[in-house]
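To start, I am sharing the structure in question, which I have written as structure tokens.
As written, the chains take the letters A, B, C, D, E and F, and residue 1 is the first residue of each chain.
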Amino acid sequence: MNPHKYSDVITSTVEQLSEYESFKTLCHQHHDGEPMPSEKVLHEIIELCRSLIFPGYFGHSTINRRTISYYVGVGTERLFELLTEQILAGLCFACDRKKYTSLENMRESANEKSAEFIKSLPELRRLLATDVIAAYNGDPAAESYGEVIFCYPAIRAISNYRIAHCLIQLGVPLIPRMISEMAHSETGIDIHPAATIGEYFTIDHGTGVVIGATAIIGNNVKIYQGVTLGAKSFPLDENGNPIKGIPRHPIIGNNVIIYSNASILGRITIGEGATIGGNIWVTENVEPGARILQQKAEK
Amino acid sequence: MNPHKYSDVITSTVEQLSEYESFKTLCHQHHDGEPMPSEKVLHEIIELCRSLIFPGYFGHSTINRRTISYYVGVGTERLFELLTEQILAGLCFACDRKKYTSLENMRESANEKSAEFIKSLPELRRLLATDVIAAYNGDPAAESYGEVIFCYPAIRAISNYRIAHCLIQLGVPLIPRMISEMAHSETGIDIHPAATIGEYFTIDHGTGVVIGATAIIGNNVKIYQGVTLGAKSFPLDENGNPIKGIPRHPIIGNNVIIYSNASILGRITIGEGATIGGNIWVTENVEPGARILQQKAEK
Amino acid sequence: MNPHKYSDVITSTVEQLSEYESFKTLCHQHHDGEPMPSEKVLHEIIELCRSLIFPGYFGHSTINRRTISYYVGVGTERLFELLTEQILAGLCFACDRKKYTSLENMRESANEKSAEFIKSLPELRRLLATDVIAAYNGDPAAESYGEVIFCYPAIRAISNYRIAHCLIQLGVPLIPRMISEMAHSETGIDIHPAATIGEYFTIDHGTGVVIGATAIIGNNVKIYQGVTLGAKSFPLDENGNPIKGIPRHPIIGNNVIIYSNASILGRITIGEGATIGGNIWVTENVEPGARILQQKAEK
Amino acid sequence: MNPHKYSDVITSTVEQLSEYESFKTLCHQHHDGEPMPSEKVLHEIIELCRSLIFPGYFGHSTINRRTISYYVGVGTERLFELLTEQILAGLCFACDRKKYTSLENMRESANEKSAEFIKSLPELRRLLATDVIAAYNGDPAAESYGEVIFCYPAIRAISNYRIAHCLIQLGVPLIPRMISEMAHSETGIDIHPAATIGEYFTIDHGTGVVIGATAIIGNNVKIYQGVTLGAKSFPLDENGNPIKGIPRHPIIGNNVIIYSNASILGRITIGEGATIGGNIWVTENVEPGARILQQKAEK
Amino acid sequence: MNPHKYSDVITSTVEQLSEYESFKTLCHQHHDGEPMPSEKVLHEIIELCRSLIFPGYFGHSTINRRTISYYVGVGTERLFELLTEQILAGLCFACDRKKYTSLENMRESANEKSAEFIKSLPELRRLLATDVIAAYNGDPAAESYGEVIFCYPAIRAISNYRIAHCLIQLGVPLIPRMISEMAHSETGIDIHPAATIGEYFTIDHGTGVVIGATAIIGNNVKIYQGVTLGAKSFPLDENGNPIKGIPRHPIIGNNVIIYSNASILGRITIGEGATIGGNIWVTENVEPGARILQQKAEK
Amino acid sequence: MNPHKYSDVITSTVEQLSEYESFKTLCHQHHDGEPMPSEKVLHEIIELCRSLIFPGYFGHSTINRRTISYYVGVGTERLFELLTEQILAGLCFACDRKKYTSLENMRESANEKSAEFIKSLPELRRLLATDVIAAYNGDPAAESYGEVIFCYPAIRAISNYRIAHCLIQLGVPLIPRMISEMAHSETGIDIHPAATIGEYFTIDHGTGVVIGATAIIGNNVKIYQGVTLGAKSFPLDENGNPIKGIPRHPIIGNNVIIYSNASILGRITIGEGATIGGNIWVTENVEPGARILQQKAEK
């Protein structure tokens, strides 16, 4: 065996892959000294948020009333530091050079957005507490709030969504999407961070759920695995490309239940208290309190 | 840039998050000296079980007939030790202080349950061997038992289920649910550990499958991706909450096939040998041997 | 507590698990000195491919036109070395001892296949560039090519597919399947590496998508979450087992769109430009340009 | 090559090594459920002590006056927890079963000793501050207190000594010796934790320094590399073994300087303010203020 | 056992340790956004230098004439990046705020110094090659240059010295000292980075060697373990502290050999070609070509 | 700041460092497919040996009489596998291409030597047991065999020596030297693996001890820190280089004690039962039973 007989293959492939024409549209022109968005750091950020919001469940520590402020203090400082870098990484990635005149400019903006996020932590805790209660009440198999917090994928996905949504409202690019994709990968639940979701929201099982960017969901809504709140069609611009940013996903009223694998598509409204049966395809408004179901199967 | 101008935000948020009123219902009151449930340790436990059940596929070692008992010996001892701690962690988490008078009490119980689990390993191996055969026979793309064991997500999900089911039968709290959620996250297959499943069980592709806590599945059943064996509705108690523990999921007979994205809901019975077509919604009993399908699509 | 009172349980279980009769069909007879297939190494291989194809997005480095060849050079050499070992591991696992007379034989074959793969990298880059453009154009929520490359699960799944497909065409056993299962686990998208897929392919959201081994997909096709391109039934051989290798999955023409949770089953043809609505079950040919939808739901 | 032809060698060696007669005096009979002494954990303990004593130099954090108590709080709690386990490990290792009737007994004692150590941290900080000043003043090459704290091996060795000495005074077995051996390995400075050392102690360069268990060192003493404060001879007991615990190392007065490679041996006294030249061998008392030197070399 | 009975001890110790008066002189006032000196990063820097200077011995790669520039390219870029940060960390640590008006100022200076270091790599390779030859020629036990490069502690210590010396000449604070202390800890050889050392330098065994900051060593010098090239006394300033920066260590001529444990002290000159015997104490000039030995031992 | 202005420096340095003339004598021409000597793997090998020789002290496991063979079995197999690779790496490094006609040849030889080493483990245990007893008996500060095994640097250094010596007797190149240098770095004790050392050997404190390649040490010898058993001068060959392989280090009789920092040089004999005082320089034979000491110091 001559290990070097493959040198030619390697050398000539290296040359092709290094040609500017070949990689120019696929290459990220990262600037020295700017941080890179990092999935690993975002994982740590999410874990920190979870340990601050649900003390004693995540992280390594025993919590009591005297010492909780030590842990919350260290965790909050670390969160501020890591999040600032990732927000800055997002700003740099988005290359929003019109808005910012310098790296220092962007860094200051990242600091401000990060501090605003820190301020929102108590409200995030309040909201997620309602989701925990909803999951517990809605699932006959749930044995305690603790079990729900500790191992329900819905809580994990909704936590990431609420964190990412807060960041998107602060104008942070890219990072919110990465956070929601992390939950998507772990749970199979794909909630766009720009969606608007009320209190006491719960998802059972969850794999395959899709909630689009312009969806609006009221309070006390429950959905099952495989449910899509999607777009029906996209108006195209003069070049035949979808116009970006148009409201195109459904509005779901308070107290609605949507069963597994239902697809609700387009800017329609599902009225308050409606029940949508499983495996169906809904593209028109549904009255408040209505129950709609699939046609009977053939035998 | 003044890095300390955000100190006030941090300090005041730390104070809010450390207020007892704010975190009391969301906080886990872990006791010093008690082990915590750990997803990382449970991963090691599952890997150990897999290396004991399928020698030579998982773990780092070359196996031959003379040396296999060394590896099985070390693996079994380690499994006993790790599992005992995690069972104890589960007992402590569930805070079942009425049943146990002391930590030593709980530890002794954890030791016993762990030893019972160890005793079940040969039976787990026998059962999983039937599942491997079923997966191989049912999939024209499968090339060998080895490929099925090594990379089929169904085998991973069913392994976790059979391990978790064994633990739930031993009365272990929380840990079985964590084990099944780990498989859920990796494979998109969500099998509640309390479900009852016969031999030669197989799932093709699997993403989106949901099998509820009180489901009963016979021998030689095959299901496809997206199938739900779920509950239809929950009887409520006087407070309007679902009554926990009532049989509410289907009973599936021997030799049934259920195609992709079918939803079978409620305490109904799918008779032996029936075939359920894809994308349909079944809420009533199905006769043995019946074939039911979706209505034709509109063109 | 007497920690040794469980020794008997352990010792007797070890004996049962070490009996040859009990493990012989479930045991991998790995040969000393042969490499083992390793998911961890395959992860590194995929990351290397991604960093070579999309310079600057993955990996740790800042790229500029002068230095890119250093990174591409080191990455390509490392890829060649790691991939050769994993291809060899696949050949050994498949135990194709008829075809190869010795380990050295297999190693030489692994070297050749690995070099062929390296040669394909520029073409893989070209193909994946078309997929990135398709994903960007097809999603009103996408903000830049960069965002699509960096965090869209479809790009991750299609990258793994295109890499695995290249390896399967080179006759590499097992490894392609492992690579596609890795993407399946991360994204919920299950594309068999033997499937044939054209340019400008995109998948929206993706969880639950299944594309079978003999499926053929044209150019410019878009599919949504939960779509199955599956088999309808398997012709059995004289022993009642499915005959392996028969074409049994659909052929999808150019410019087809398939909406969420649709199941398209059997060796049927979906004609060029057709639109398949969501949540439906298609088992017969569809005309070019046709639009087919689910029956209206009952109210 | 037949990889199994070495099986016999392995199997028969395993048998020999597993014979009770062969290993009984060399085997540690560790009891299940008791912690093991761990060099890795002791490293973390030392790092924690250093980060608490010298805030901002070690550990990852930025310190300011408002937030220092968060870090000190978390660090102190973690130190208490880790140290308690290691003290317990030391008590178990020493098998002092006469003194303790149960594991719970030992655990309570470990808790108490650990809390006493925590109480000593401010005094340890005060003492080490004097050592830092002495090192800075005594070395013309030292540029700042910061440089001394951050990279002088003497400070590392004296820190470990002062920590270990505190533990030995609390009656902790084994652990103090492990801590001093860790410094010995890192710096070549071997200070027995039972030695008594005053304030403003410094060691220059340090490699090869040995300070015996019963040595007593005054304030403001400086020693150089290779200096031994050792024993001269050991009175033997009736079995010809050295009698343990007899004072056998020198007493060094205040303000003494001892130059490199000098050996001072036996229970002698070096009077206050004396200077001992390098490379000499001192086995008799030295007057206060005396200067003793090596004989001239031959040319 | 009441785990919280130690809360008071912890809480009150935390308060004491957090008092500004207690830590103010021992605390490093690190500024946010500035890098910290890191022993871990310096280890990576040293390993990178070694892999660039001695290709194929360190690092993971196989080197051949076609591909060496890939590895050298990636290694040099990474070295530049890491070294720049650590140089900046050193500048910040030394707090040389008079010289630099801003962090950007310091960063630019760090970039320049780092680039100067990169330029010196070929000369460092040339020098270290002479040391390798000297070690090989001087040790009858050495079997090849490869063995000397790969495992002689002298080469490790001299490599760190030559790297650190280059940095000290570029005016980098703190970092050179850290690099030499790393070698000191690993090898027991303590060479101050400010010392001046000629070509073909070798140290046999090496433990306990000390070479002071103002020592000057000619070409082709060999020293043995335990040799000190130290200061004899320090002129004091008006406050009784040693005056910093005065030449106080010996000058060693070309072709000198110094045997084990000899101490050579003060600003004396050891003439060209002299031989200094072991275990002696030299404080006066030695003629070129002289041989000096210890007095005979008493019997 | 222009981060690319340093590109020229980097690019031109890379070119210089990649020139064949510059690196040819310093470059290791490693062949593809051959293992590299690895300090990390050697650490694991040493830890495995220690855990097999002293069961229960090292490694993670609880040992009892029933289960010890599981651990010893797994450890011995792993040791065989790792050691074989490292022996092969040593053979390849030494490039002994005259002796071996192919890589397979060398691999077979490595397998044989590794198996021989495994066979020696019981004898290594017996020898090290005598060293443990000697260390315990000779040190009034030693509290138990356990403490000696667990934390005495002498036992660590002598263990590495006895392992390395066994390998050198089997004709393994390079690896023994690496093993002894690892102990040298950790303990400051430098024992050449070719030295011959009897039973009941002990070293107190140990930093700075040097024992040369041709030294011969009898039974029951005790030496202290800083002792050198070295060469006096090297006969030169016609090129002026030291002749390799000549006996040049001392022979130490049974029951000899050598105190700290003594240097014993040349092929002399220290007679049985002699005592050598500290800090002296011995270059002539010493009678059995003699006591020799340093001249008195000057006052």
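Assume a residue touches a chain if its C-beta (ideal position, glycine included) is under 8 Å from a C-beta of that chain, and two chains touch if they have at least 3 such contacts.
As the structure is a computational prediction, the values presented were derived from the model and not from experiment.
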Comparison of A-C and A-D (more C-beta pairs in contact): A-C
Interface numbering overlap (same over half, different under half) for subunit A and subunit E: same
Geometric centre distance via CA averages, subunit F-subunit B, whole Å: 52
Centroid distance [mean C-alpha coordinates] between subunit F and subunit E, Å: 25
Averaged-CA centre spacing for the pair subunit F and subunit A, given as whole angstrom: 57
Where subunit B touches two or more other chains at once, by residue number: 1, 3-4, 10, 14, 31-32, 67, 69-70, 73, 77, 188, 207-208, 226, 261, 277, 279-280, 293-296
Partner subunit D, residues of subunit F touching it in the complex: 52-57, 60, 62-63, 65, 68-69, 72-73, 76-77, 80, 104, 107-108, 111, 114-115, 118-119, 121-122, 125, 128-129, 132, 137-147, 149-153, 186-188, 205, 207-208, 224-226, 259-261, 277-280, 293-299
Subunit D residues within the subunit A interface of the complex: 61, 67, 69-71, 73-74, 77
Subunit B residues within the subunit A interface of the complex: 1, 3, 6, 9-10, 13-18, 20, 22-23, 25-32, 36-37, 93-94, 173-174, 177-178, 181, 184-185, 188, 190, 192, 194, 207-208, 210, 212-213, 226, 228, 230-231, 234, 241-246, 248, 261, 263, 265, 277, 279-282, 290-296
Touching residues (chain side subunit A, partner subunit E) in the complex: 4, 7, 10-11, 14, 62, 64, 66-67, 70
